[in-house]
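Handing you this structure, nothing more for now.
By letter and in written order, the chains are A, B, C, D and E; residue numbering begins at 1 in each of them.
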Amino acid sequence: MNKVQIDEILNKVNGIKITHKRKTRIRVDVDADSLPTLLELIKGRASYIHLSAITCVDWIADNQFELVYHVWSYEEKCLISAHTRIDRGSEKNPAKYISVYDLFKPADFFERDIFEMYGVTFIGSPRMEKFILTEWNGVPPMLKDFDAEAYVQETFKWTDYNPDWLQELTDQGGGIAVKPEDIRTAGNTHNMSTHRERDKAKAAAVKANDKMQGWKQ
Amino acid sequence: MNALHLMAELIFMPLIAFIVGMMMVLMMRKISARLQRRIGPPFFQPLYDIVKLYGKDTQISHGLIHDIGIIMAVGGYIGAEILLPVPGMEGIAAKGGVITLSYFLMIPSLGMALGVGQCANPNGSIGISRALTAMLAYDIPFILVVFGAAWHYQSTSLIGMIEYQQVHQWGIVEMPLLAIAGLFALQGMLGKQPFEIYIAPAEIATGPMVEMSGKYMGGLFVMQTFQLYTAGVLYASLFLGGGTSFLTLLPKAFLVVALPMSIAFMFPRYKTEDVIRILWKWPVMLGLISLAFIL
Amino acid sequence: MKKELKIKQKERTNPLAHVFDDFIRFCQSKSLFMLHYCTGCGAIELPPAMTSRFDMERLGIQPMVTPRQADILLITGYVSIKTLKRVILTYEQMQSPKYVIGICSCTVNGGMYWQSYATAKKLNEYMPVDVYIAGCMPRPEAVMAGLQRLKDNIRNDKKEHKGSAWKDYFKRYDYYLGNQQALFGEDWQTPTDIIAEAKLYGLETEETYGKHTKLLEKHQTPLLPQEMRIK
Amino acid sequence: MRPENYQAVKLGDSNEYEIFIGPNHPGIEGNYAFRLMLDGDIVVSGKADAGYLHRGFEKLMEGRLWIQNLAIVPRICVPDPAPMEVAYSMAVEEIMGIEAPIRAQWIRTMQLELSRVAAHLFTFGGHAATTGMYTPMFWGVADRDLVLDLFEDFTGGRVYSIYNIPGGVRRELPPEFLQKLSNLLDYLESRQNDYDNLLFTNQVFVERAKGCGALTQSQALELSVTGPNLRACGLAYDVRRDDPYLVYDELEFDIPRQKHGDAYSRILVRRDELFQSIRILRQIIERLPSIKGKIRTPIPNPLSWNVRKGEAYARVESSKGELAYYVVSDGGDKPYRVHVRGPSSMHAVQTLEFLAKGARLEDVAQIMFSLDACPPEVDR
Amino acid sequence: MTLLDHLFIVVFSCLIAISVVRNLPIVDKLAPVLYGLILIMLVRMASVAYGGDAYLSSFSLDLLGFKMHWQFTALSWYFAIITLVAALASAVFMSGDWGRQYREGGGNYGMLQLALIVNVFSMILLLGSGDLLSLFIGWEFVSWASFLMMVLSPSKLAKKSAVKYIVYAMTGAMALMVAIVMIYAVNDSLEFEQISIVFAQMSGSSQVALVLLLFVAFAIKMGLLPFHLWQAVAYAETPGPGAAFLGAISSRMGMFTIVLVIVQFIGLGGLKSVGTSFANMQTLLAWVAALTTIIPTYIALQQHDAKRLLAWHGVGQGGYMLLGIIMFDSIGSAGGLMHVLNHASYQAALFMTVVAVMYRTGTSDLNKLGGLVTQMPLTFLVMLIGIIGLAGLPPMNGFVSKWLVYRSLLVNGQPLLFVAAVLGTLGTILSVYKLIHNTFLGQLRLEHQNVREVPWSMLVPMLGLSVIVFITGFMPGLILPWIASVQESVGLPVIAHHLGGIEYAKGGLDMIWVSGILFYGFGVGALIFYFLGGKSKRVHQYDNYAGGHFLTSDVRYHYSNNFYPGLMHLIGTWYRGSFQWLENSIVSVMSFFSVFFENIYRAKQPVMLLLIGVVLALLALYRNLGVGA
């Protein structure tokens, strides 16, 4: 199957944008509605039977989640990455999408992973329950508006670090020459100043953290 | 037999068994280390382990039967050692004989089974279920061997058997097939690979030992020393002519224990049904052929 | 330095008691069973330390399967919150004297996962740690050296008091419980009754109890052993 | 746990009972758990329980510089860390549109194959230990240690080498290194007979492993099984051959495969792969001295390195199967999103649950180890 | 009036008394007293068990021209004393709270009491029989008495199994009758002595027929292979202490008649003369015995119900008795005979423990129990002693009798039988561990959290029986004189015994020493345990290793079902394969007959009398014909 033939099959999907990145990589962008059709099409017509991964990307600025389905064909030796964007939803009305479990069995794992890491519910996925984060009660942690660092600073008092044995070493003239907190503050000003929306995100994260005070139940 | 002599035997027979058994444990661990290209533990390691376990500050018990199980396991073997004659000490071997001894050897298993049962841990219960099944497997060839030996020596008393062999030839010369069957049974009795189903750490997390801590575990370690000693000395008495002194008996016993150990670390474990199948096939066949010659 | 807490333990009157104690301590240092629990990536350096090249068994150290049988709990690297709960359960199920060795930098202060929302940072807030072996990850030689240090600590415990950190868990249970509650929530409860154990073995001090143990008593489902009774 | 979990409840009428394999259990690989519902010794159902090793890697990487992330990527899979670095570097290179110099590519290939040798040696022992044979573990780990010595020699780290960098590798090989490598390969080949006698043709082991956890090819494809596990089902699929990266298209090697898809086929595939890797390494030893040149394409100051906007999906063949990194950059100094597709995330969850169902309790640990699942790849 | 007459009168009056007061509350107190009275009567006759002469009854009865008479030999006395001890224990057991619960549950308690005394009466009658006719009548009585007890349970299965039993029993009775007729036809006499005389005169094929007929008759009662299928279900369904009584002694009446008729009057010579030298009748019977030890034991291993499990063991242990007695030497027969008493003692105790557990928990399903040891420790103790006895481990009495049987097999050079016997013992160990594990050990279920120990009225007989199990194991010399007298009276070689066991060239047994050493070992073990180790702390069941997981209450963490899966993978197919056709064929034949007999059963007692009448009429007819010829 050459480039033309695969394009022909792909073009059956409405509003598709095909990018041939290199010989073994094709990027396609489709609407959320036509993605299942596309997957069914390339699985049935072009032997793309190996679902390599499903990735979710949180485009918080656009208020959208990008779902990327990486599908490989053992015969064509080519990987199609199907990109689609869905609405990011809100806390009350979380994002929803349709499951592709009936097409690809491994979608069970990836969709469950996205469910707990991003909070996207996949309709029709067999096990929409927690798997890795069974003992985590906060917001889905991979969301961009969850600031892990702020959360850590608040939960773990790990920087005031004075164990007995360290004190003994310090008494003998050894120990930690530069305190971790000094390094941290220095590092912050130097390295992280380039982050575009650092302050904005930080503020949002603190807000989110305030909301989820009740996670330690 | 005067009372003093008997008292001495009651104390020294288990004690010797314990000390020799610890050396056998050491030998076992050294053999495994050598096969695995290691150095292995120091000489007193078995003693350190047992003292350490008995010296634990805290330990848990799941109830009285858990305690009694360990007492039965150790006590049953202590009783068995007194039924097992060694040079210079006959204990009460004349009052029981080899059938009684083979029954005595089941008491520790039953004791351990009871103790483990009260732990309410399915890993332990599966281990016991497997251990009892393994007992069913290895006891059939073992009992054939005992039968053959008793018939051949025309005695069920181990003293009589040893005397016969001292006068005539060793049992292994006169009944080689039966002796081989006995080795098979021994491998099963010691619970070493390929018949190690009831410990099986990767499946049931050491099975019966799963809830044993401190002195409970220590009891099982003591039991292991007795087990190795009993197996070695019993086999040596049945087939290798026993011994007139410890100098002649103990090398035989060590050799008997070393043989299964050296093949054990080269094999994985069989599944339970395969254990029965193997142990009921080859050693039983050998035993029956041998019995056909003897009878 | 934290103050020395006295436990109400009976004086041993037997003149040979010290000899016995020394002997047992000597055997304890010579025979260490370590728990087979790979909590993190540092576990990858334990097989080399155990197997043919470095052969831990020649030092009297061998792996054991369940916490009941083991003496050493090796925390091999970062502990996620989910693991930490299991580690605490496992630690409480182990029988004293028990030792904790924190391997890898992550057990010291979180290591390179300081930023992570899912890992606990300082292990000794949740249980007394005997020896830390820093490094990411420490080589087998370092692991062996750490274990050797632990052995020395146990043997010289009478003089240097470094080999009985496990008593600290009973003595200052309230502190450790407090840290655990802070992380896992107020109604955190393990099936092991540490307070009853401390009472039974005479290891309780005034710091065994406190507001956190009160909180525990308030929330817990009492797990008393079934007593054998005839009537 | 919560107090309500201890309040006694009435149990149902079912005679099935539960066994917990892991996290603290010798029958589990790493810190992972598997809950079994058993009837007698037949597994009625198994449920994987992950998250014990969860560190939030993908979140961590979003908060660190491109170059900082190199320090943590290998920690995703401990027994076989090298493919992680390489895959990450390859993904970043693809976004940046740069390519590592040819010599660096050869060195990377060598690193990957050495890592594969080490990982397979480790796996044999683990697999054998689940059936009760511990000697291969002692031998295998000790021999793996010799490989780790070489790693230490040329990267400075025994396990985590952090040797790669987007654009190439950090250091030139030390002198005499290839000779040492050649000696090691001689030694490993001389051990082949010992391993065959001890493990691969051991009658009892063969009896235990044959038919244990058998997958058909169509089941394997349906479950996205990759790597040696897929090749054990008869499909000679290998990322190195089918989606070539580095210099694999210049190397000669076979793709070993077996027919039955059971534990024995899987371990045989790994055994054959070990010797194929040795073959590849021999070719590298032969050709590497003739390939001269730089080992690194220069990149800007890594502390303020903004990778241009884009995304890349880099795949490599690790010892466990197809490993992929999906990296998205929004043009900042940190990755916008990194998704790690570990091969074990397919093997350790759905495949394991599928194979455990109806299996015997004796076989569960063997199935897991024969799949060579690596839990941190699931948890990340 | 001899002592035997007194005995009969006392037993008969007890029967009358209990049948009169059976529905009054006083029967609870009266019944144990009456059984005690009978026991005292038996003890007064004890001289017969120490080498004294047999007691003859002065009663005799002329029936259709036959003179029936009764006698009490050492053999009769031995079985009678076991019967009475079992009956006394059962009566005490049901006299208190158990009986109350049984009544409240809608059970017919009066009928149960009546059934028990009828059983005792009929057994005494059978044991005292002095000729073939009184034997036959006693035999019939025993069959119907057991039937009376079995149908008491309201369950449908019980009724069905009781009918199945009576079908078998009638078949046996027919066989016995034909055998009696065969004997009678030759010499016109029904005295026991005629058997050996007649047997010597018979042709080869008649000898085979006679032995087989007699054996079939007795084997059915004893539940020997291949007639074992009725027994376990029938006994297991019998209510409470009735099961204990039946399981302990009822089927041993078959053993009694085997000893009385086959061993005493046909003898080793007779059995060996039948068939070829390679496969004679002794070999056949020995193999029947061996298979009886193995097959029911391994069926027991598969049971989920505690009572069934025990009942199947009851079948299996019968094999040891026959195996011992069929060896015809002093130790073997002593072992076989002694096993009757030993088995009765531990089997009754075990049944009672199971009934006690049922009394408290309402179930005997092994998958629904567990962890009761803390709640019912004394019951556990009794069961422990009982299973050690049943498994035949030292120091309990089961060990002594099994040891004797083994020793005899060894002396006689029977390796295959020896292995078969060991196989049976090992299977027993496996299944009794399953019994005690699933009942008393493991996880305690929520619904059993408040279960308490059973009341003393139930504990006393259980403990009493377990004391017997232990004492006769510790000092088998208490029983061995009785055995020796029995051996003497039936013409077997007599065992040389002392208080601790037996004397035998090249390896005897002294249980006082053996038990002493065992307890010495336990003592040292306890010393090591309590003085060398530190204090231990009791923990809750949830504080348990679960792979590092938290064990919570919703987890079923008790391994009970399919307890020996490894073994079942190997032999499970045999159950389904090779035994199934046998059982199927017998069951289908039986179900065909049972329709017929159920109708008879509906017509009740008159039919029983009718049947006896028919049998006797046939007998008379045959006699007349014989005279005529």
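Methods note: a residue touches a chain if its C-beta (ideal position, glycine included) is under 8 Å from a C-beta of that chain, and two chains touch if they have at least 3 such contacts.
Note that the structure is a prediction, hence the values are computed from the model and not measured.
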Q | Intersection of the contact lists for subunit A and subunit C | A | D
Q: Determine the set of chains touching subunit B that also touch subunit E.
A: C, D
(Q) For this structure, which two chains share the highest number of contact pairs? (A) B-E
Q) Which chain has its C-alpha centroid at the greatest distance from the C-alpha centroid of subunit B? A) A
Q.
If I average the Cα coordinates per chain and compare with the overall Cα mean, which chain comes out closest?
A. B
Q. Going by the average position of its CA atoms, which chain sits the greatest distance from subunit C?
A. E
Q) Centre to centre, by mean C-alpha position, how many angstrom separate subunit D and subunit E? A) 64
Q. How many angstrom between the C-alpha centroids of subunit D and subunit C?
A. 32
Q.
On a C-alpha centroid basis, what's the spacing between subunit B and subunit C, in Å?
A. 36
Q.
Suppose each chain is reduced to the average of its Cα coordinates; what separation in Å results between subunit A and subunit B?
A. 59
(Q) Give me the residue numbers in subunit E that touch at least two other chains, ranges are fine. (A) 371, 373-374, 377, 444, 535, 537-539, 541-550, 557-559, 563, 565-566
Q: Name the residues of subunit B that each touch 2 or more other chains.
A: 36-38, 55-60, 62-64, 122-123, 126, 197, 201, 205, 210-211, 214, 271-272
Q | Numbers and ranges of subunit A residues touching at least 2 other chains | A | 133-135, 141, 148-149
(Q) Going by the touch rule stated at the top, which chains touch which? (A) A-C, A-D, B-C, B-D, B-E, C-D, C-E, D-E
Q: Could you please specify the touching residues of subunit B with respect to subunit E in the complex?
A: 10, 14, 54-65, 67, 70-80, 82-83, 91-92, 95-100, 103-104, 106-107, 110, 113-114, 117-123, 125-126, 128-130, 132-133, 135-136, 139-140, 143-144, 147-148, 150-151, 154-157, 160, 197, 205, 210-211, 214-216, 218-219, 222, 271-273, 275-277, 288, 291, 295
Q.
Give the list of subunit C residues in touch with subunit A in this complex.
A. 1-2, 81-82, 85, 109-110, 114-118, 120-122, 124, 132, 182-187
Q. Which residues, counting only subunit A, touch subunit D once they are in their complex?
A. 24-25, 49-53, 55, 57-58, 68, 70, 72, 74, 77, 79, 81, 104-106, 108-109, 117, 131-135, 141-142, 144, 148-149, 190-191, 194-196
Q. Tell me, which parts of subunit D touch subunit E in their complex?
A. 1, 5-25, 28, 33, 35, 39-42
Q) Residues of subunit C touching subunit E in their complex? A) 37, 66-68, 85-86, 89-90, 93, 190-193, 196-197, 200-201, 223-231
